[in-house]
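Shared between the two complexes below is subunit A, which pairs with subunit B and subunit C, respectively.
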Partner chain A sequence: MEQVIVNALYLGSQYAMIALGLTLIFALMNVLNFAHGQMYVLGGFVTYTIYGRLGFPFIVALLGTAVTLAIVGALIEYFLFRPVIRRSVREESTMLLAAGIAFLLDAVILLVFGEKQRGVPKILDGVFNWDFRIILPYDRILVCVLAIMSIAGFIAFMQFTKTGRALRAFAQDRVAAELMGVNVDRYSMIGFALGAMLAGLVGGLLVTITGVNLGMGGPVSIKAFMMVMIGGAGVISGAIAGGFILGALEAVGLAVLSQYGDITYLLIFASLMVFLSFRPQGLMGKPWG
Partner chain B sequence: MHRKALLKAVSIVAILACSALISSTGFAANKVLKIGFVGVTSGPAAAWGISNVRSMQTRAKWINETGGVKIGDTTYDVEIVTFDDQKDPKRAIAGMEKMAQEGIHYVVGPNVDDGAAAVRPVAERNGIIYFPYAFPKELYTKPASNAVLGMVASYQSGPAIYKYLKETKGVKSIAFVSANESDPLSQREGGIAAAKALGLDVVSSNVTFQVDTIDFTPVLTPVMRTKPDLLVLSGVSPANAPQLIRSARELGFQGLISTETAQDATVLKEGAGDLANGFISVGGASTPEISSDMMAEFVDRYTKMFGEYNDESNTKVYALEYILETLKVNPAAITDVEEFKKTMDTFEVANPYMKGDAKLKYVGTTSFGQKRQLMVPLVVNVYKDGKFETLFVAEVD
Partner chain C sequence: MNTFKINQLIGVAIFLFSVFVAVPYAIAASGRWDFYYTLTSVALLSIASAGVWLTFYIGRINIGQGAFALIGGYVSAILVTKAGLSFWLTLPLAGLFCAFIAVLIGLPILRLRGVYFAMVTLVLTEVSRLTMLALPITNGAKGIVSIPLPGALSIFGLTLIPDFSMLKNDKLAFYYVACVLMVICFAGMYRLVNSRFGHLCRSLQQNEELASSIGVNIAYLRIVVFAISSFLGGIGGAMFVAISQSIYPSSFQVSDSINFMLNCFLGGLGYVFGPMLGTLTLYFGWSLLFELGKYQLLIYSSLLIFLMLVLPNGLLSIRFSKMKGVQK
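Right, the complex of A and B next:
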């Protein structure tokens, strides 16, 4: 039981971080970013290059990843989403654009980083073993702590800084925020950069545990959408809750249902369908959007 | 003014036409023999198909640089025509149809079971021999006759590995873990049957995982409780293998770990480091103990062309070689695959990628009742400190 709780906490912290970036972009721009998983993968490859190939300290690699993905996110918003949003009021235009960006990033990643699975040296050796009741390698503990710290830092940023307040105002009511002097273009770019940065950061953190490969983007995006649907689209606290709930469901399912084959996700998907039929706005979302 | 401009335009067109004629004459020194590839080169399984394509492209470029390949009285340059099926059977069918439209009779791929099964009617209807990297026996047994298995199947390598480990390492109990996908699951079933036939105690065989799993600790915890002597990672992809090995070792597993799929030493080194030492997998012919100078040159050329070698190509170097060597033996097969099939029964030439007297020949009589498999050496490797070492070499008949 203790092991299941620890696994749930570990998975939940990673998932919450993945979902945060996606929901932030949705809240600010009403864009379903299908390229979120590819941004995660790109973050993993940047960390791999800086830490694994060039030999810089891991923390430097994480900072480099955050900056790189923020720049990539800002450029994507400025050159791609902004013109499309300006010219088209149809939501599917941005959805198609996001899908196109996902394919583009896949192709770029294949060209630059190749098709192989990549991994980096362990950031911490050793395994925490409490009487075989809880077994957790130290590097996973560190990654979990770093992820929780990142989430806390992000919440603090949104709560206590001028930019964070402007982003929240923008997310709550775009027109009202604009009337109050919030520069919509500027904060759209900042929001998209932040979202991409969060995806890249979690990719950078997890490259130390799972490694990274070209094909991870799609599945990561699917899980991110699931978390956002559980928690409520566009709600920061909902994304965090969705992440931890999905992590807990996965950990419990793997522990309890393993002898029946891989039915954990089958049950999760089925439960999600039932849940959404009763509460389509998710746990913390509002029915009116 | 207009006349001057017209003269200028005519001159430019004439120059372009001449240069096009010269260049086309240059390329036309040899006729072109097109060989196809239909397989996955994008998405999660991209590594499988890309290692195929790059092996073929490396070998084709090498052949073309050295004057081409002589088949009968004609010398050909080899052109590789590729199609990414994205691991989707519908796309695989479209890819095979494209090959037929281009008049191609020999196609390497697809890489997975459902794709290989889907293209069968197209290949048979259009006179195409194809070389899948997929294991369903019905593709290679009569009445099917156009598919030739491009590698050693898991139900051939698995029993050999388990038998070796039972006899030399005293393995008595065995556990299986596989991804929740059709290929790994079918390989797991084959492995379980082989283990039982050898009298091994199968202590765990139900645990599966999603390919996008980010932490294998909860996946492997119930398996570790069964304390097997051997943990088999059925059909594991190079992407998942290092993580599974790492998690098993971190959970305190001291036994042996093996798989029937080909792996890459660099990927294992980066993903699992020293924890991967002792990991047993199936390879081709690039370990120093058995590889020839030609194999070394192939690896060198591949590395120069693509920046980094992929150890999976040790098995994938063979398909194009078999096609060309068989066509050399029977040039009529270039447009008639029935001639190719006739030649397969008696074909035998030296294996250029291995030292000693190893042969290239078609096998599969025991498994399929007809020769519908490339005799790729069953080289079982063990990983140690960033490299593979040959554990044993066997042959499929």
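Right, the complex of A and C next:
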């Protein structure tokens, strides 16, 4: 039982971080970022290169990943999303663009890093063992703690800095924020960069445990969409709640249903259907975004 | 719209002639038999894309067609291999089963709109893949292989379709079957869109609240459209399985669902025959880029992004004024 709770926390902290980035981008620009999973994979590969190949300390690798992904996100926003959003009349066109970017990132990752599964040496050895009730390797604990710290840091950033305040205002009401003197162009770039950075950071954290390969991007995006559906799109607290709920469901599913085969996700999806028929906007979302 | 103009009739005649006479003749003359497989795939994928197009027609972005193609394929494969039914019986059964699933899932999710609906249907695709991996009857990741070719179909002793395993050239046979299905599907779509039902669907696309306030039963209409869409997806998937004689959980996945959606966009959401054109362009474009080897995906996606940058409102912002006559 204790093991399940700990597993839920561990999964939930990563998931919440992934969902945060996605929901931030959605809240600011009303863009469903299909390429989120690919950014996660890219982050994993950057960390792999800096930490695994070049041999720098892990924390340097994480910082490098954050900076790289932030730059990639900012460039994507500036050169691709901004012109399309300005000229398009339907919201579907940004979805198509995002799908195209997902394909593009896949292609770039394939060309630069190859299609092999990559792993890095463990950052910490040993296993935490509490009376055989909770067994968790130390590196997983570290990853979990780092993830929770990043989430806390992100929330603090959004709450207490001027940029964060501008971003929140922007997410709440685009026009009103613009009238109050928020530079919308600049802040959508910052927001996109932040979202990409969060995705990349999770990728960088998890490369130490699961490794990274090209095919991981799609499933990660899908899970992020599920969390956002649970929590409500475009709401930060909702994304965190959604992440932890999905993590808990998955941990329980793995513990309880393992003898019936891998039907956890079918059940999660079925319950999501039931949930959405009562609350189409998710736990904390505004109706229709 | 309901009265056929003379040039529309000519267009249909040219289209039918080229599909059923000119293309087989050209392929026989040039000896490129592999084109049959490509064209058959295009025909089947355009059937599934037509389903996606129909959900676009009521203003929903459907990225879940891969799920229904997969379900349809598995239903047909299981019925043929385990229950020993004739393939021609399983084809409509697969479609009906998908329509049934669509009604079940559609009841809650069709209340969602825009990006929310797109997200749920995308999740559905992935969930159906995982489910097919997990269920005992689908044989997991190994999939169902060596499915027998479709047998003969005869009514009252009159053989309508000969046994495929007896034919010398089953590629040509599959091509004809796929094209007949495609023609029936698009003729049906054209009829549907230009009927009272189609007009009601258009009212949903524009404003659901307004439509419901003047007495349109929007909940019923949405479910019916989603069921038809999934029916087409199931038919396409089942037929695909018959051709490849195998199905795996990865036969239709998220990227396929996205491609179905892209087909519709590329062809233009305003035209019934858009999905057909879009599938043809996209599939052939992808195949042509195959020559570029590992840069295929890079160039394909760059072209896609470039298209969005130049024409952010999709290809439908160009008027197909010249091609319209040929297509309709």
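In the analysis below, the second predicted complex is superposed on the first by the 288 of 289 C-alpha atoms of A that agree within 3 Å, B and C clash if a C-alpha of one lies under 4 Å from a C-alpha of the other, contacts with A are read in each partner's own complex, and residues count from 1 in each chain.
By our rule, contacts are C-beta pairs under 8 Å (C-beta built on N, C-alpha and C of every residue); 3 or more make two chains touch, one makes a residue touch a chain.
Since the structure is predicted, the reported quantities are computational estimates derived from the model, not experimental observations.
Asker: After the subunit A overlay, clash or fit between subunit B and subunit C?
Answerer: In the superposition, subunit B runs into subunit C.
Asker: Looking at the overlay, what does A:Leu111 touch: subunit B (first), subunit C (second), both, or neither?
Answerer: Second partner only.
Asker: Going by the contact rule set out at the top, does A:Ser88 touch subunit B (first), subunit C (second), both, or neither?
Answerer: second
Asker: Look at A:Gly119 in the shared chain and tell me whether it touches subunit B only, subunit C only, both, or neither; answer first, second, both or neither.
Answerer: It touches subunit B, and subunit C stays clear.
Asker: Considering only the touch criterion stated at the top, classify A:Ala233 as touching first (subunit B), second (subunit C), both, or neither.
Answerer: After superposing on A, A:Ala233 lies in contact with subunit C but is clear of subunit B.
Asker: For A:Leu32, decide between first (touching subunit B), second (touching subunit C), both and neither.
Answerer: second
Asker: Have a look at where A:Ile101 lands relative to subunit B and subunit C in the superposition and call it first, second, both or neither.
Answerer: The answer is second: A:Ile101 touches subunit C but not subunit B.
Asker: Of the partners subunit B and subunit C, which touch A:Gly164 in the superposed model: first, second, both, neither?
Answerer: neither
Asker: Name the contact category of A:Pro219: first (subunit B only), second (subunit C only), both, or neither.
Answerer: Both partners, subunit B and subunit C.
Asker: Based on the A-chain superposition described above, do subunit B and subunit C contact any of the same residues on subunit A, and if so which?
Answerer: 106-107, 110, 218-219, 261-262, 265
Asker: List the residues on subunit A that touch subunit B in their complex, please.
Answerer: 3-4, 7, 10-11, 14, 52, 106-107, 110, 114-122, 127, 129, 135-137, 140, 206, 209-211, 213-216, 218-220, 223, 250-251, 254-255, 258-262, 265
Asker: Would you mind writing out the residues of subunit A in touch with subunit C in their complex?
Answerer: Touch residues, subunit A against subunit C: 26, 30, 32, 34, 80, 83-84, 87-93, 95-97, 99-101, 103-104, 106-108, 110-111, 218-219, 222, 225-226, 228-229, 233, 261-263, 265-266, 269, 272-274, 276-277, 280-281, 288-289.
Asker: Given the complex with subunit A, which residues does subunit C contribute to the contact?
Answerer: Contacts found on subunit C: 61, 105, 107-109, 111-116, 118-120, 122-124, 126-127, 130-131, 133-136, 253-255, 258, 261-262, 265, 294-295, 297-298, 300-302, 304-305, 308-309, 312-314.
Asker: Help me check something: in the complex, which residues belonging to subunit B touch subunit A?
Answerer: Subunit B reaches subunit A through residues 41-47, 50-51, 180, 206-215, 217-219, 221-222, 237-239, 242-243, 250-252, 264, 266-267, 270-273, 307-308, 310.
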